[in-house]
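First chain A sits with chain B, and in the next complex the same chain sits with chain C.
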Partner chain A sequence: MIEIPPIIAIVLPLFGAFLTPIIATISRRYDAERKVCGWFTVAITIAMLLTVASMGARIWGGEVIVYRLGGWSPPWGIVLAVDGLNLLIALIVAGVSSLVAIYSLVYMRRDTRIDLYCALLLLVTAGAMGITLTGDLFNLYVFFEIMSISSYALVAFRRKWDSVEAGIKYMIIGSLGTSLILLGIALLYGMVGSLTIADLAQKLGQIAPSDVVVPLALLVTGFGIKIAMIPLHAWAPDAYQAAPSSISALLAGATTTAGLYAMIRVVYMMFGAFGVGTIFAIFGLVTMVLGALMALTQRDLKRLLAYSSISQMGYILLGVGFGTALGFQGSLFHLLNNAIFKALLFMCAGAILYRVGTTNLDELGGLGKNMPITAGLFAIGALAISGVPPLNGFASKWTIYIAGIEAGKAVFSLIAIIMSVLTLAYFLKAINSIFLGQRPKRLQNVEEAPLTMLFPMMLLAVLCIVLGVLPSLGIDLVAPAQGAIMNQSGYIHAVLGGI
Partner chain B sequence: MSLNYVVAMLLIALGLYCLLLKRNLIKMVIGLGVMTDGIHLFLISMGYREGGIAAIVPAGMLQDNVAAGFASAAVDPIPQALVLTSIVINICIVALALSMAIWVYHHYGTLDPSEVRRLRE
Partner chain C sequence: MEFGPGFWGPIVATIVMLLGAGFACLMLLGSRKISKVRPSIAKRSTYGCGEEVKPEEVIADSEQFYSPIRRVFKPFYRYIQPGHSGKLNTYLLWVVIGFIAILVAIALVLR
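Presenting the complex of A and B:
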């Protein structure tokens, strides 16, 4: 049977991106460019989500879906391989991007050249989806570049001073990272002579660990820049602050998720370097602590959210670094949750920006009376990210704490708990200065955000509550992915087919 | 032959130096280009073979039972494909970076990255 769902999930947004300008040109004659482009993007992303979801039943049944491009068999041709881990990340990427597409319908209403925005949005999605589904290392690099270049362009989309500054910073740092990845891949190819991840995994096992340190370090640095691991985070606060809020949500929810996936896949499943875990745990700890401390002092909501996003990546790295089954489970669960509540919070910030025109905490206040729904949704997101019990953040953070104690690193867990309290502190500060307190006179006539923007936010908030009340549901969703990480030989066997 | 690798590493080092230490956005973009070219040279050198032939099998060759001779003479085609892809990607990066540099100059009146930092304030 020919396995088409993986390639469809990549081709849909890729061709959609190139069709968008053509459709825009045609629909411009009927003066419906905005609506047609927007809904076209929504349709494509939802179709992609359904395609990914259609693979669910088979993969959760323990199968690995392999698609061979052009019919070439693995060590020579490019393969797309989907196991439990790929599927989880693909679901997150597709879900976040379709919600962002719906949100953009109204949010980007005041901007010109909406067709280019939609095309770039679809390209970022195509890149992230490609990273997620491919089984070939160089192919992963190419999709990584597609995702990165389009996200640089999206960050600088409005071409104002702030977005251009953030865009060029992101671009210089990001391109350095991707060239390091290319160098790492070149070194690996020189050593092993193969580019299929499964084949590399098999052959790297026979090479002395000391020989692969340099490519491993290059790849980890490259992916580390994409997930804004401290000390490689310099681009993140600027980019998240200056990008349109819908794009901040996409960056936090989809591209960092794809970057972290690449990190897990390459380090654990290709190099089999479980010994690197301790370094990850330490980096995770530093990222978590510094991210939270810097978030405390921010006066701009989106910048605060950016630092909090860095801090949450620290939690995920920490769990990944423990290298145990429970650690992976907690991390992947937190990765899912992080995509949910971080997208929600950035969308709330976007709603405020849309109605008020600023996200500076000093200039806001008392908006709870004007925007009660946004206030409620922001509160749900903020409590979830701080790990308050009935919400989803609690379940995943708790799993990470327990994993730390079981792995004999109770100190790490203790610091993580303290940072969780700090997270609550800066989010309470944000809630207080935006929605409570004195309302400045000029904010008296602010209205509630439009329903099209509220809809994706509500959906995310409901997910926060559902995954919090029924954590076993989330664990069930994550368990196949965690099983896939532990089952390296199964992946190799499935992709290479016993060659 | 090993000269290739030396030059490639030199190019990478020079590009990295230029990217990290120069205080002009245009020069930084040039540095990025030089560094990527170094990586390309490194990649293409791995597939190079002195006096090698293209990895295309002519019709008569397999019949003449010289497949083994072909394998020992042909160059590795994969690095060429990789480099070609990577060159295209690099063009995109340089083009986008230069256009952003133009916008930076438009807004800030300078190309010095240390002066383009209003967001931090």
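Presenting the complex of A and C:
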């Protein structure tokens, strides 16, 4: 069997990033830098998506694909290992990156240094893909740094005072997070003497749980910063607001997904610490409630979406925290859905910003007449994230509610339902402020967003409807991932091969 | 998780919702044709404390959109919202508090 797709999926965007400046230099001579760089990025991300998808049949058939770098066997060599969980996250990362690349073709038209933007976009993608596919803990840290450092630069890309400030804040808090992860890995290496996740999982089972408290806390805090879990979320509102909207979509849809994957892989599959689930459920609840209450008072659409992202991450943590098969199923389904509707909503915000020049809710109004397609797509995304049937958010949230009741935590489910109502409330406020009501005079001649920007948004909106009307499709997609979380020994055996 | 008939039949529910929406549209259109009373100009104009305000000049303050809910959660907004000040020192303090909380919680669970 060919085992190279995992390494191809990482190498494609990584080498693509380094090739971009060379391609830009050559195409600049023919005055085609913008088009060539943009389409090159689109081609790379789509090739990466196809590579990841090519592993689908084998993984869903119950296989674990293992690629040994340089032919070295674990635990001495670095391995890439892909099971159902890795595949789901890799599909989300590659899918969102491809759509963001297409969206950026027009959205970044007014910006300079497009070669730098494309290179950084590919580096973020390579980092997220590396986190997702690697079977080595230190390798995971390296890819985490690649993803994070490129993200800091992309947040500050427009070099306005607010974006530079947000970029610096994100860099300092993010660097603190990655430092904690590195410290946690160093402690684990000191204890066990291995860095292969499967080997660590095997050896940590023989250590007293009280001995792993500090490294586990360091790793959870580090990953918690990346997924913006309250109270580690402070970087997110500023960064999401100041970054170009395409990058906000990527951060919300792909990088936080990769961060949550790392958290699940390390806590549940490496430490086997299912008992920690209650902590996740409580932090998830706090994240969900505080995120929703903060979103309710925002004046800026992108800031509102940022707090909404935090709140949705709370739902996902809540389901993960229940620690049951149904809880994981609901969480992973919501993770998939969150990537879809959050990317859609940030792209809609970008379309408004592109045409109007502001996302301040007090300066907008009546745009439904000028931008009817964007208004419709935003409404679909808003209703989906609020959990209104028959859209995808309903199916995944419902699964989480049922999981909570079955796990004997009905109060958690009740609070989650109330927060869904609040989600609908702040999105209705946004719809009213942007698309309904009186249209200011200066917005009379605003035009609909360009088709190249609308295309990825439409695709995401269609997914919101399809996964809502046919939720079994989504459940079937996440079932192998949930199975992989519950089958820790299968992963260990496949990677170590009976060592 | 089953999403079939009996628990949650999404296709049937979607058809019913679409039919309901269509029926509501028909009722709305019908009522507009039947209704003979039209709102007066005074009713259509925006109320601005006795002042004449043109519709395009009206700006609703989005922060006050849900002021009753804000009143219900007054303690939350009084203590938590000022924490989102944008000051990096405060944010780093939150990370430290978060780490200590996670450390203590994990220690209690795994002891």
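Everything that follows uses one rule, which is that the second predicted complex is superposed on the first by the 497 of 499 C-alpha atoms of A that agree within 3 Å, B and C clash if a C-alpha of one lies under 4 Å from a C-alpha of the other, contacts with A are read in each partner's own complex, and residues count from 1 in each chain.
By our rule, a contact is a pair of C-beta atoms (placed from the backbone, for glycine too) under 8 Å apart; a residue touches a chain by one contact, two chains touch by 3 or more.
The shown structure was predicted, so the numbers you read here are calculated from the model rather than taken from an experiment.
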| item | value |
| --- | --- |
| First (chain B), second (chain C), both or neither touched by A:S472 | second |
| First, second, both or neither for A:Q241, with chain B first and chain C second | first |
| Superposed model, chain A: greater residue contact from chain B or chain C | C |
| Which of chain B and chain C A:P209 touches, first, second, both or neither | second |
| Touched partner set for A:L137, first chain B, second chain C, both or neither | neither |
| Contacts of A:L176 with chain B and chain C, given as first, second, both or neither | both |
| Touching partner for A:G167 - first (chain B), second (chain C), both, neither | first |
| Which of chain B and chain C A:Y152 touches, first, second, both or neither | first |
| Contacts of A:A90 with chain B and chain C, given as first, second, both or neither | neither |
| Shared chain A surface residues [contacts with chain B and with chain C] | 169, 172, 176, 237-238 |
| Contact set on chain A toward chain B in their complex | 138, 142, 145, 149, 152-153, 156, 159-162, 164-169, 171-172, 175-176, 179, 182-183, 186, 189-190, 195, 237-238, 241-242 |
| Of chain B, residues touching chain A in the complex | 12, 19, 25, 28, 32, 35-36, 39, 42-43, 46, 78-79, 82, 85-86, 89, 92-93, 96-97, 100-101, 103-104, 106-108, 113, 116-120 |
| Chain A to chain C touching residues, read off their complex | 169, 172-173, 176-177, 180, 209-210, 212-214, 216-218, 220-221, 224-225, 229-232, 234-235, 237-238, 273, 275-276, 278-279, 282-283, 290, 293-294, 296-299, 326, 329-330, 361-362, 365, 389-390, 395, 398-399, 402, 422, 425-426, 429, 432-433, 437-441, 468-472, 475 |
| List of chain C residues in touch with chain A within their complex | 1, 3-4, 8, 10-11, 13-14, 17, 55-56, 58-63, 65-66, 69-70, 73, 76-77, 80-81, 84, 86, 88, 90-92, 94-95, 97-99, 101-103, 105-107, 109-111 |
